[in-house]
Amino acid sequence: MSFLELQNITKIYPNGTKAVNETSLNIENGEFVVFVGPSGCGKSTLLRMIAGLEDITNGEISLDGNVINNIDPSERDVAMVFQNYALYPHMSVFNNMAYGLKNRGISKEEINNKVNDVAKLLEIDQLLTRKPSMLSGGQRQRVAMGRAIVRNPKIFLFDEPLSNLDAKLRNQMRLEIKRLQRQMGVTSIFVTHDQTEAMTLGDRIVVINNGVVEQVGTPKEIYSKPNTKFVAEFIGSPQMNLFNCKIENGIAHIADIKINLNNSKNIEDASLGIRPDDILISDNGQHTCEANLVEYLGSDMIIYSKIGDQEFSCKLSSKINLNAGDTFKFDISSTLVHLFDNTNGSRV
Amino acid sequence: MSFLELQNITKIYPNGTKAVNETSLNIENGEFVVFVGPSGCGKSTLLRMIAGLEDITNGEISLDGNVINNIDPSERDVAMVFQNYALYPHMSVFNNMAYGLKNRGISKEEINNKVNDVAKLLEIDQLLTRKPSMLSGGQRQRVAMGRAIVRNPKIFLFDEPLSNLDAKLRNQMRLEIKRLQRQMGVTSIFVTHDQTEAMTLGDRIVVINNGVVEQVGTPKEIYSKPNTKFVAEFIGSPQMNLFNCKIENGIAHIADIKINLNNSKNIEDASLGIRPDDILISDNGQHTCEANLVEYLGSDMIIYSKIGDQEFSCKLSSKINLNAGDTFKFDISSTLVHLFDNTNGSRV
Amino acid sequence: MKFKPLEILTHIILILGVLLMVLPIWFSFATSTHDNVSIMTEGMKFFLGESFSQNYNEVLNEKGGWSEEVTATRMFVNSFIMALGIATLKVVISAMSAYALVYFRFKLAVPIFWLIFITLLVPLEVRIFPSYKIVSDLGLTNTYTGLILPLVASATATFFFRQFYKTIPDELLESAKLDGANSWRFFIDFLLPLSKTMLAAMFIFMFVYGYSQYLWPLIMTTDEKYWTVVMGMKIIFTENYEGVALPRTGERFAYIILSMLPPVLVVVILQRWFIKGLIQTEK
Amino acid sequence: MKFKPLEILTHIILILGVLLMVLPIWFSFATSTHDNVSIMTEGMKFFLGESFSQNYNEVLNEKGGWSEEVTATRMFVNSFIMALGIATLKVVISAMSAYALVYFRFKLAVPIFWLIFITLLVPLEVRIFPSYKIVSDLGLTNTYTGLILPLVASATATFFFRQFYKTIPDELLESAKLDGANSWRFFIDFLLPLSKTMLAAMFIFMFVYGYSQYLWPLIMTTDEKYWTVVMGMKIIFTENYEGVALPRTGERFAYIILSMLPPVLVVVILQRWFIKGLIQTEK
């Protein structure tokens, strides 16, 4: 039996919206799982049902062997880091961290020790007497983490905790969260809309769309073998190019370009996907296109172009000299291609 | 004479903080300039002084040949897109866009035409009767853009307009803003803390830190030849590795590793910078380290390691099989290295 | 977001509270439809009687007062004019003062806010004689202006408008400025529409405040033509004791019920604005 | 954020307003320090006189009323107890009702809110006779309980607490729940400390409201021991006309000045809370 089990979880709001639909999932003890999906896909609702902040319409959640459907959030022994941190504005950092412990009737001395230990771990021990309004974004983030850690809960829940930080700080905190989780070994669920966070943080990733789990797997599995068209587009940056095409006799026709696919059945309405960095640009490529726009990213650059009326992008080293308006030659290798059936979006 | 000229602009707040210090800058007609820097560096203050929303303590701003220091913001003919969009919550999308035109006494018919044209351009013509509260984040963003465009101002000011959008949408809107600016040719200033946005959007980038301009240049110039240690660390993702070292007889000593630099003078306290993707990993590299943490990013991965007690990261293709705990061999080429003097942070 | 175990208890307490508030009004109305004899002999009524039109007709049209010239209808009209004037001017003046205090950053804004706030401590009752002196020197006794003017400043309303304006993000003002709005237009085009709910709520509060004034109109008016409902209430409850006839209890209750109508009217008219505003700010 | 051209004009208007508000109080105070003869002959005073201690001593210690037993000091104490009781209970009850309305999502929350809101339309003046009946049936005439109890419910305060609670982000409640806080703890540990400013402001408003009550204590109290300041004001302004001596104008003004002190005291005590709260919510 897994540490956390979700069985056919469904959430229907009073207004009839189905936020989560028949979701089942097992999470092992000590695992770091990331729920990723576009905004409004139900990933936060799922997390909030685990925390007990939303009622469960149907299905069963069990944690550490006990069904927790009807257990009050205060007794589930889970800790959550909110997107806006939800620090208690009228309490000092110390009291923010100590509040949950006080409510559990832990002795003053023990609270002092625990809070100080965690504060040291997170390097916020200088801030214990300050109010949240006197902290910077990164410091608030740490306090929110500290409040969760100090309780030593069965499970950590993160609800997009990095999205209010600026880019540099986000990368830094991402690393720190990963290290802390490794170090403490507490089962964690992290919700995000950012595929980079999902890929770098998760032991396993759960890709969610419209309340349905599209794919569960390690970052490598999901990146290299996306099960559906949605996952293919969502995971990876810049996003995978998807060409609408017709496949006849093992050959994909995209506008006037033909790509030879080995052993493929005929599909009337297919999508041929290829990642921007899998398009091979060389002077003796078979196909020719014009670069409409070039985005310079430092070591890499992204070229936007068109085949017929379908836009696509290629990522290549910025050492290559190519400007908007230039033409370039490229190849598409059949081994690097992902093929999806447009009728149901699933991988062929 | 340039289209927009800033001469020795200084901003000191009543409480004594110097937000902007003696900044001079020329921006040509039709240029797309990005102000980039960490939060609180003064980049927004500078933008707001151009808009007329902050008083100028010292210095002179001239737009299109006229000094505008004391001209009311409503008469400067600039349009601004705010971070939170600042849409008028009680007005429909149409009225949001038309409000500025009405105040300029333009005829109803002309307002109708202009608003409809811009709405079509931005694909929000279906939303004209809605209130802002009924729009999604991306749609709000478009309305805010539309409100600025419809006035056909001399200059566009963008104050971190993408930071409230999720990752996918941000990339998409970034492209769209770039295309629109190219198409309309209106001088634009874009403020952001995100170096990726700065690199991809700007014709020129102004890197600001602590109220002082650290470097002005094209994205390529700034990336390949950062003037200061701050710029080197700030621009580029993952950020440049900077090793504290001592340079004697043209050799840099980092812990027990020696790197041969050609023709370099002796520096007691130097920083040797190298970008994570410029570290050459190969089986016959001179130096050996252990990978402490591996971040998987899809096509690439980032390895975190240490030389002595100094952390560094390398970016390499995820096709290479390397896991946390493995050792790897690498070379640092003296041609890819950036050298800074720690006493003043400037490039050597 | 429910605290389930408490829910049933809460319901019971709340329903009791509702009954406690609604029953007296119903009793008053039911009693007002009976004739005086049955009220005299049987006490307050729970069911409706048959003297509705007689009692209400008498209250509205019978002339009373010392000069036997003023009708209750006249008093209702007076109270309505007074309450309307007070409420309208209080709301307008407070909204504008709050605007000045929040958006015009002159050095004295904070001390001035405190001075306005301090006037809360000097309600009309305390300054009634100086106020009377000024109004009578201006020749405004026995006029609507005299009834309304000394009551139009409101520190309470200014305070709440100020707090509300402070929640409006700065960017809205900045964006409006770049769109060419001057300070007057910003007030008209932005602050007023955004504070609809607040305006409606304040208007209701202030209308009731004005409507229930007693001491001021008592002192201000010697001419019975300017008597108000609340003054009339004292009169109908005292003058009849002097007569030899039965106490006219039915008419008294009819008068009370009628006296509630103008405020109810105001709420009914303003509720659309008000509910809309409440729903929009709903979490 | 300045609208410069208007600034000078605004200043002038505001300074005039300040004078208009402060001068009457200063005049009253200055006059209260003169003896009756000079006031009689010379009118209101701008400068201080020499009868300060005499006038104030007389007001505080002279026994008055029909029974010649009640002193002004006694009346101040009565008013203070009444105002304190009303304000404290009003604030506590309103804060708790608003809490129930915002955080307990039962189906009737909206209709109940409206019912509470409607009671605004039935101020004490309108329901004064039924209220009197109930209180006297309970044997509470001539008690502090009787003075205070019928005035402790406040729709206004409930409304503002409700609006304030609605601005508190949901995540705070959720986070508190995960930290093991039950609904009672959330109220004590979060809502009360967060609404400090609101509590202080409401307390001040309600204190002044209670302090300036006239009609209710007039009806409720037959025993002069329970007379209040505002009732006393009527008395000192009427009883002296009947005497043959000079009108005791100096003492009257002394009485007015003294009557302002309790509310001022409340503000001085609460201002620290209040200013702190205002500064924290400052833009």
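By letter and in written order, the chains are A, B, C and D; residue numbering begins at 1 in each of them.
The working rule: a contact is a pair of C-beta atoms (placed from the backbone, for glycine too) under 8 Å apart; a residue touches a chain by one contact, two chains touch by 3 or more.
Fair warning: this is a prediction, and the values are worked out from it, not measured in the lab.
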item: Required minimum of steps from subunit C to subunit D, each step between chains that touch; value: 1
item: Mean-CA-position distance for subunit D and subunit A (Å); value: 57
item: Between subunit B and subunit A, distance of the C-alpha-averaged centres to the nearest whole Å; value: 25
item: Per-residue overlap in subunit C, given as positions that touch at least 2 other chains; value: 182
item: Overall pattern in which the protein chains touch one another (line/ring/star/complete/other); value: ring
item: Pairs of chains, among all present, that meet the touch criterion; value: A-B, A-D, B-C, C-D
item: Residue ranges of subunit C in contact with subunit B within the complex; value: 169, 171-172, 174-182, 185, 189-190, 193-194, 280
item: Parts of subunit C lying in touch with subunit D, wherever the complex brings them together; value: 1-3, 6-7, 10-11, 14, 18, 21-22, 24-25, 27-28, 100, 103-106, 108, 112, 115-116, 118-123, 125-127, 129-130, 156, 159-160, 163, 166-167, 170, 173, 182-183, 201, 204-205, 208, 212, 214-215, 230, 233, 237, 256, 259-260, 263-264, 267, 281-283
item: For the subunit A and subunit B complex, residues of the former touching the latter; value: 38-39, 137, 166-168, 171, 175, 178-179, 193-196, 199-200, 219-220, 223, 234-239, 275, 277-278, 293, 295-299, 304, 315, 318
item: Residues of subunit A defined as touching subunit D within the complex; value: 51-53, 72-76, 78-80, 82-84, 86, 88-90, 99-100, 103-104, 133, 147, 151
